[in-house]
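In the two complexes that follow, chain A is the common piece, with chain B as its partner first and chain C second.
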Partner chain A sequence: MTGTLAFQLAIAGVSVGSIYALVALAIVIPFKASGVLNFGQGEVVTAGAYLALVLTTLALPYPLVVVVVFVLGALGGVLIERVLIRPIVSAPEFTIVIATFAIGLLIKGAISLRFGDSPVSIDGPFGMVPIEFANLRVNPTSAWILVCTAAVTLAIIAFFKYTRMGKAMRAVSINAEAAQLMGIRVSSVYRWAWGISTAIGAFAGLLVAPVIGINPEIGSLILRGLVAAVIGGFTSVTGAVIGGLAVGLIETYSGVLIGSAVKNLVPFLLLLLLLVFRPYGLFGAAEIKRV
Partner chain B sequence: MPMQRGSLVGACVFAVLAIAGAFLGSYPTYLLNLAMINVIAALGLNLLTGNAGQISLCHSSFMAIGAYCTALLTARLGMPFWIAIPAGASAAAGLGALLGLPAIRLKGIYLALATLGFLQIVQILVEEFAGVTGGVRGMSVPKPAFYAGLRVAQYPLYLVVVACCAFAVWTAGNILSSRVGRELNAVRLSPHAAQALGVSVARVKLVAFSLSAAYAGLAGGLLANVVGFIDPTEFGVSASLRQITFIVVGGMGSVAGSVIGATVLSGLPEVLRPVKEYSDIIYTAILLGFLLFLPHGLVTVGERLRMGVIGTRQGSE
Partner chain C sequence: MKRVRALVWTAIAALLPSAALAQEQGVSADTITIGAFGPITGPAAYIGLGGRDGMNLAVKEVNAAGGINGRKLVIVFEDDAHSPTRALAAVKKLFEQDKVFAVMSVGGSNATVGAVDYVKERGQVMYVSIASAPQVTWPFSRNLFRGGTTEAARYGELYAEYLATNAKTKRIAIMSGREEYPRNEGDATVAKLKSWFDIAPVARVEFNINDKDFTGQLVEVQKSNPDIVAFFGNPAEASIAMRQAKELGIKQPFFVGSNMVDPSLIAAARSNAEGVTGFSLIPLLPGSQLPDMVKWEGAWRKEYPNAPAGRPNNFDLLAYGDAHVMAEALRRAGKDLTTDSLIRALEAIQNYRVGPVATPRTFSTKHHVGNLTLVPMMVKNGAWEPLPWNSTRESDILKRYQ
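Right after this comes the complex of A and B.
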């Protein structure tokens, strides 16, 4: 493998990986706050992609599309949290896992009912002509995805570090009861966590739409996002992002070096191995017992 | 006492089913076959999830293993179905134990993730080894035969499915009323207490994974023979969720629950035929509705009604 090819592959890996990173972030945030793992997060991404499609056909300018996707994504999450998650937040884990799965399937069912199953393509904001420099070709959409992922990650890190709500969320994730006794409104922390998570998910859908096309199966991205979250240890924001990039890179390199069957298998073999040997990931803290 | 009444009712139902099959057309027979196969799969899942309390999102993968194993043994080696189907179920049981080895260390969402990963691995293997399995285009299964040349007609095959389903119900009932069943429930209710009382939690979980996979493998082998064609999309995560819906709607941890849930929901697509495009959404809404409002399933409805009547009487006094 030549140096140029290796570098070219690294660019490709990082650009797929940054989408996985966003999905992983969207999974990690509500899990950190409320201990609920949203298996329907993939369908939030799908919904974001279709929302982008609808808004683009309305000929809205791209920055406005971004804002609307963010806002509606957040509102959707707040609504789901209030109506469907809050009643079962203290139910057995089985109920929560299956309920979030079911919410995802409802969204997917509604989408394929409204838009059909045939794929639609959408243009990226900067066209599809690759930028070339020093023998390397970079797709402007991939570069844009990378920039956005970096921005979202930094914003989330800053949010957890500096804002009142971010600190409250950290407190609740450590001990919800103690946080409540300190005057933190736990229910509004949950609401924020879900809103932020679905906003990021919908934004990921908007970003990924020009690259992989729009169809109701986009939601299967969640599988890679989950692997990334496991690598990151489920409770760490930077871990989730690094996990996402790692999955992207591993997939891309193993695809070229070994073959497509292995490329598809590797993330899941990695998932099983990690769950058995390092269930709290490479970056996670030790087990948080929720009683 | 109620156990004996239960087995009597069960025996009567299966006898009626066996006799009725002789007079039914091919489509109703096919539907009954599918419903009974779903019952078998639900029984297995309920032992693992309802009784032992282990989340599994890969029950359909064990069905796939049973189905492909049975189909390949019949198609490539010319084995008769009555060897191939038990062989498929045994293969599924073996792989169930293999998955159980890592899975017994995990619980809750981590177990959900591991089983989801296993499901993906099985799907990808089936799709990528297209030379053996037919890949995404699927493979057709030879018509079942007692031995080379003597094909099984529709009604005898139906009797085989009735017999397998009766056997599955009978064994599941016996397992639950035996020591193994009590151990399964103990592991769900309190693994620590079970361990303290001398129940090996790891062994019980392993048994649960293997048993449930065996039921799924049997269901898969029968499905391959009844439908005559299998492809990987039949065994994806949505199939697993459908089986979870069976036990949630019917009632977790109860044989009657598996039977009722799988039967009612197998009939649902026929009822929903006029609004076919909404059927996925309705199905999911039913699952969500039961999880939110009736988490113990249909089997408890009668009990709840009785309790409700008593409750209001006491309230009025």
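Right after this comes the complex of A and C.
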């Protein structure tokens, strides 16, 4: 393998890894705050992509499309939490997981009914003509996805570290009862967590639409997002992003070095191996309980 | 003696109801019930939804025109999710629970192959509108028929002849999906390139349905320095591969399988689809402004006013044409409808088509491959346009049935 090829593959791996990182982020945030694993997050990404399609058809300028997708994505998450999740928050964990799965299927079914199953696409904000430099080619949309992933990650880290709500979320994730006793409105925290996560999920859909196209099946990205979240340690924002990039790079390089037949299996194999040695992922930590 | 007579009359009385009911399953005084299956969920739903709706439009037209010999056609549809095990379950349910007279497949190859052996053993008719898997018509089975989508070997013949003669390419790279249909297309093309033109592909790579990244495969293709890249899969995959090919600096044109000669490829791949070539199973594509297609699309949109973008698609047209062929055969089979009379009627069909939106079907007692006609096309200025090319080689397919 030449150096140029290795770099080109790295660009491809980071491009697809950024997508996985965003999905992983959107999974980690509500889990971190409320302990709920949202299996419908893949369909939130799909919904974001179709929302982008509709807004693009209306010829809205791109910055406005971004804002609308974020806002509607957030509102969707708040609605889901208030109407569907909060009533069952005391139910067994498995029940809530199945409920999120069902929500995802409902979203996918509604999208299929409204838009059909034929794939469509939209143009990226900076076109699709590759930028060439030093024998390397970069899709401007892929570069944009990487920039947005970095920006969202930094924003989330800052949110958790410096804002009242972010600190409240961290407190609730450690001990919801104690946080409530300290005056934190736990229901409000859950609402924010869901709103933020679905906003990120919908934004991910907008970003990936020009790269992988738009069809009701793009929600299958959640599998890679879950692997990325687990590799990173399920409660770590930084870990989710690094996990996503790692999965993207591993997939791309294994496809070339080992073969396309097994490249889809390699990330899962490595995940299993990693969990043997680091069961809490790269950046996760065991929960400490006082006895 | 009295006792014997009583026993005889009792036996006759017991047999009479079953005698009265001993007409063909799925055929009543006023209806003929036909089962159908295809994917209406999952990544291949664009096939089954088009197939189902095109078929239902044809059935509505047939019933509006008076039905078939005084009977209305009734369709019972099952989702197979493009899975062979689900297709088998669907067909079993249709025959054993719903008691249909015959089945039509708009399932695609991957699912349809799951049902083939069961239907062969059962003996009732299965008319396959959308599946090119060889097992449907080879080895020959009297109760299986193939309509719109031709046999995979025919794709191979036409693709190989076009690539080697018209496109004048010697270095051909092949990218094919791992499921039944694209793998068959790829295998058939490789086989005919070898046997007719002594050309071996310079690269042969595979991918999984729903893959989102083709970098590994494209790197291998690039290394082989082909003249053309033949891609057999689905429009969603092709659109990603074509975009990534450009990013990697692969400038060679793409040739696609017939299921992608459809407006959905252009909708998905956008400007990357320009210059792509392929063969179409239907003479007119949806969206064409020719009067016959405009008229047909008008009727389709009246039936499905809330149709989503990308519909009607090619599978609507294929299944529409084949449902009319089936209806014509049912009509020719006569009032005293049986599986045997339907088979004889189908085998007598010669160059029949419902109109200019369909290609003609021809069956015989020796073969049940109804369609050997495909039209070469290229994407020009965002639309598929026919290319001025005709095959000059005789097909090998029908020779093996002689």
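Basically, the second predicted complex is superposed on the first by the 277 of 291 C-alpha atoms of A that agree within 3 Å, B and C clash if a C-alpha of one lies under 4 Å from a C-alpha of the other, contacts with A are read in each partner's own complex, and residues count from 1 in each chain.
The definition used in the following text is that a residue touches a chain if its C-beta (ideal position, glycine included) is under 8 Å from a C-beta of that chain, and two chains touch if they have at least 3 such contacts.
Since the structure is predicted, the reported quantities are computational estimates derived from the model, not experimental observations.
Taken together through their common chain A, the two structures put chain B and chain C in a clash. Touch criterion not met for A:A178: it reaches neither chain B nor chain C.
Shared-chain residue A:A155: touches no atom of chain B or chain C. By the touch criterion defined above, A:A6 lies against neither chain B nor chain C after alignment on the C-alpha atoms of chain A.
Once the two complexes are laid over each other on the shared chain, residue contacts for A:L84 go to chain B alone; chain C is not touched. When the two complexes are overlaid on their common chain A, residue A:E93 makes contact with chain B while staying clear of chain C. By the document's definition of touching, both partners, chain B and chain C, reach A:A261.
In the superposed model, A:L64 makes contact with neither chain B nor chain C.
In the superposition on chain A, contact is made by A:N139 with chain C only, not with chain B.
In the superposed model, A:V54 makes contact with neither chain B nor chain C.
Only one of the stretches 97-105, 151-159, 205-213 or 259-267 belonging to chain C has C-alpha atoms clashing with chain B in the superposition, and it is 97-105. On chain A, the surface patch touched by chain B in one complex and by chain C in the other comprises residues 112, 260-261, 264.
Across the interface of their complex, chain A is touched by residues 41-43, 45-46, 49, 205-208, 210-213, 215-217, 219-220, 234-236, 239-240, 243-244, 246-249, 264, 267-272, 307-311, 313 of chain C. Interface residues of chain A facing chain C in the complex, by the touch rule stated above, are 5, 8-9, 12-13, 16, 19, 112, 114-121, 123, 128, 130, 137-139, 142, 211-213, 215-218, 220-221, 251-252, 254-256, 259-261, 263-264. The part of chain A that touches chain B in the complex is made up of residues 37, 39, 84, 87-88, 91, 93-95, 97-99, 101-103, 105-106, 109-110, 112-113, 223, 226-227, 230, 260-261, 264-265, 268-269, 271-272, 275-276, 279.
Remark: chain B residues 49, 53, 55, 102, 105-106, 108-110, 112-114, 116-118, 120-121, 124-125, 128, 238, 241, 244, 248, 277-278, 280-281, 284-285, 287-288, 291-292, 295 touch chain A in the complex.
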